[in-house]
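Structures for review follow.
Heads up, the next two complexes both have chain A, just with different partners, chain B and then chain C.
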Partner chain A sequence: MPEPQPNPTARQIWMGVLARCRPDRLAALMPDLAAHVVLRPAEVGAVMVRGRVGAVGSPFNLGEMSVTRCSVRLDDGAVGHGYVQGRDKGHARRAAVLDALMQTTQAPDLQATVLDVLIAEEAAGRQARAEKAASTRVEFFTLVRGEDK
Partner chain B sequence: MSLAPQAMTGGFADAPVQSARAFRAALDALSRPGRIVAVEGVQPPAPLSVAAGVLLLTLADGTTPVHLAGAFDCAVLRDWITFHCGAPLVGSDAATFAVGDWSALHPVGRFAIGRADYPDRSATLIVELDHLTAAGARLTGPGIADVAHLSLPDIAAFQHNRALFPLGFDTFLTCGDRLAGLPRSTRVEAV
Partner chain C sequence: MYVAVKGGERAIDNAHAFLAEERRGDVSVPELSVDQIREQLKLAVNRVMAEGSLFDPDLAALAIKQARGDLIEAVFLIRAYRTTLPRLGASKPIDTSAMACVRRISATFKDAPGGQVLGPTFDYTHRLLDFKLLAEGEAPQAARAPAMPAAVPHIADFLNRDGLIEQDTANDTTPPDLTREPMELPASRALRLQAITRGDEGFILSMAYSTQRGYGRTHAFVGELRIGTVPVEMDIPELGFAIQIGEIEVTECETVNQFKGSKTEPPQFTRGYGLVFGQSERKAIAMSLVDRALRWKELGEDNSGAPAQDEEFVLMHADNIQATGFLEHIKLPHYVDFQAELEMVRHLRAEATREAAE
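== the complex of A and B ==
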């Protein structure tokens, strides 16, 4: 039997990490797939991404993005779902297997060897981009003209 | 929330090819009333038959509300339909597809028959039968060269449905892995 479900927030975090990470990085960190049965073969679809201006305005449709999904079940009964960006079916299947394994006793091990690495790389990538953007930032200021005194 | 194991298994393994074949079979059955065709590819949980499961996975999706009648309205079947085709499960009046045995579907007058300007906005009934043979009620009409026979669960209801033409519901009769079609255009007579 699988362990009791971790709290939803933790699962949301690892689903998000798996959805955003690069397929080759996940494959390098987790080369072997545990034995599993495919419940729903990997399929490619499109989802509408919605946004809000400043995160508070009324919602609008930003555009569609490709998403690949897959559902698997491990031999011990744990069911995993993979929803990943892009069209890589192997990636979706690997993410689904990892999602299922994260509900078993292997979770702490995988958290350290796979997910924490991906989270750190994602944070480093964001930091690098933010730094690159910050170095080109221009501060505007005006000289005091005297009439505000 | 935990799902029964069989609620997630038994879908099409190769959906594009298998659902195209199943659609062809359904089209065949509906355009040749009385012809019994065999379908395959899914293993739905009981009490749903293979043929009814194939029809649902081929024809139903998120835009086609499904009504489960009587004993078919059980948790494992609701979960199976939700996982595999995402169809909303609704009451009888809003259904595009209704699944059940004949006694549970009766009275069939509660299902949508379309409107004069949109006769296609009608329900399709998937009737589960204990036996399905090419014997019994006499069928004539479009798609039938001379005359066909089919073991229908009722005569009067289908005669009344024919009288509504071009409105009315269409029917699939399923038993095990075999199905037959009975569109609203077919005239039904007792033998």
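== the complex of A and C ==
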């Protein structure tokens, strides 16, 4: 069976949100980048995505996905890492800066103005798809058959 | 004697310019954008991602545009691009039981918990051309209904409870990777699944169809077919913990196959498995049939000599880039090879004529 997911930490949650969000949306919510030093320049790469045989058995290689990563350090020493889906280097750098800022006193403010907005938008998108899928659920009914009378 | 020849450069440059003009087509028609391809030719994008073996819808859409809609050429472009990317790591195995499903059906259990959810399917359409699409219309709107719980259990779990179906057990061995080491036969099931999921849809479809027609029959039912998104998680060394690095759409198919038992296994249902990038249900179903057919040895079944049971035949011919590379290279200049052939045929003819005269 797949290993149970332990409750994610706050940092795991925000890094996941930043990985999945659209680059232009993040840029719109956080247009200015705080002063920082780039520790590892943004790099586009591939991650091999694995599945499991029969959904639960041995791992196998399904195929790769594009991922971009970047690491930065703020002037106050906070180090941030960005790992984002796709090939947008600006996205990875912005995610790294936000990851670093979330370790500072600015965290509550950024949580409200950036992350909570992204989380709400993602949830709304998921909810919309789930509702459309639910509308296609089959409601079986049984016809009365002649010989049963 | 080998004579080197040069002189095609101008012709090649001009051929590429001609290709570019043809790609654009009639300039009085608006140019197709990559965004339009990604959003409106999504199933073509999915196929290029699956066979290109790289999940990136923007790149797949670009490849389709560049390849003028030739999907194998587009797959070729993606395969070439992915070789330039450094490998940042491997994900944890995705958990498809946590899939946010837009489609989930079972052909074996009508009342499966979680229900039969049809999703955006071509099934039950009449396959009549819709001439309304010739005109630009308003954006269609899907109906809505209260959403069901996010995670839907796998249907195989229900058969597991009665011990009627073979069990897969989890382990965390590192799977072989045919993009890193040449494929070795006999292949493990993990290696076979990697080769099939990136294999040509048409080839996998025909192999699967051949098993249904009797060449290595496996009596497959679609136990479950599901399409939806799953998060992808990876351990990040510099962090010391795993994070989600994105979300992908996949199609998963599990077949339930009749199995009368063998020398080594009791009568029970056996399973075939298909997992493919994107909404690719024909491929996922075909993959699970071919997976099951290739499992004859481990289940102690007879080899009937069917092509779909022949691991080497299936795995070495499934890749359309290898296939098209070898096939299409014969159109490139073979002047010297052919000159040798010509010499040999002339020689043989001369001999045969002389012998006939004697």
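Here is the rule we use: the second predicted complex is superposed on the first by the 125 of 149 C-alpha atoms of A that agree within 3 Å, B and C clash if a C-alpha of one lies under 4 Å from a C-alpha of the other, contacts with A are read in each partner's own complex, and residues count from 1 in each chain.
By definition in this document, contacts are C-beta pairs under 8 Å (C-beta built on N, C-alpha and C of every residue); 3 or more make two chains touch, one makes a residue touch a chain.
Keep in mind it's a predicted model, so treat the numbers as computed, not measured.
Peer 1: After lining both complexes up on chain A, report clash or fit for chain B versus chain C.
Peer 2: Superposition result for chain B and chain C: fit.
Peer 1: Please indicate which partner A:77 is in contact with in the superposed arrangement: first for chain B, second for chain C, both, or neither.
Peer 2: The first partner, chain B, only.
Peer 1: Looking at A:129 after the superposition, I want to know if it touches chain B, chain C, both of them or none. Which is it: first, second, both, neither?
Peer 2: second
Peer 1: According to the stated criteria, A:64 is in contact with first (chain B), second (chain C), both, or neither; which is it?
Peer 2: Second partner only.
Peer 1: For A:12, is the partner it touches chain B (first), chain C (second), both, or none of the two (neither)?
Peer 2: second
Peer 1: For chain A, which side has the bigger count of touched residues, chain B or chain C?
Peer 2: C
Peer 1: Of the two partner chains, chain B (first) and chain C (second), which one does A:43 touch, if any: first, second, both, or neither?
Peer 2: Both partners, chain B and chain C.
Peer 1: If you stack the two complexes on chain A, which partner ends up touching A:142: first (chain B), second (chain C), both, or neither?
Peer 2: Touch partners of A:142: none, neither chain B nor chain C.
Peer 1: With the two structures placed on a shared chain A, what shortest C-alpha distance in Å links chain B and chain C?
Peer 2: Superposition on chain A places chain B and chain C at a least C-alpha distance of 7 Å.
Peer 1: Same chain A residues contacting chain B and chain C, which ones?
Peer 2: On chain A, the overlap between the chain B and chain C contacts is residues 43, 71.
Peer 1: Applying the document's contact rule, which stretches of chain A touch chain C when the two form their complex?
Peer 2: 1-3, 5, 9, 12, 15-16, 19-20, 43-67, 69, 71, 81, 83-87, 126-138, 140
Peer 1: Chain A touches which residues of chain B in the complex?
Peer 2: Going by the criterion above, the answer is residues 3, 5, 8-9, 11, 13-15, 83-84.
Peer 1: Looking at the complex, which residues from chain C come into contact with chain A?
Peer 2: Result: residues 49-50, 53-56, 58-59, 82, 85-98, 100-103, 110-111, 115-121, 142-148, 150, 154, 156, 168-179, 188-191, 193-194, 197-198, 231-232, 234, 236, 238-239, 241-248, 250, 252, 254, 271, 273, 275, 277 of chain C touch chain A.
Peer 1: Give every residue of chain A touching chain B within the complex, in rising order.
Peer 2: Residues 37-41, 43, 71, 73, 77, 79.
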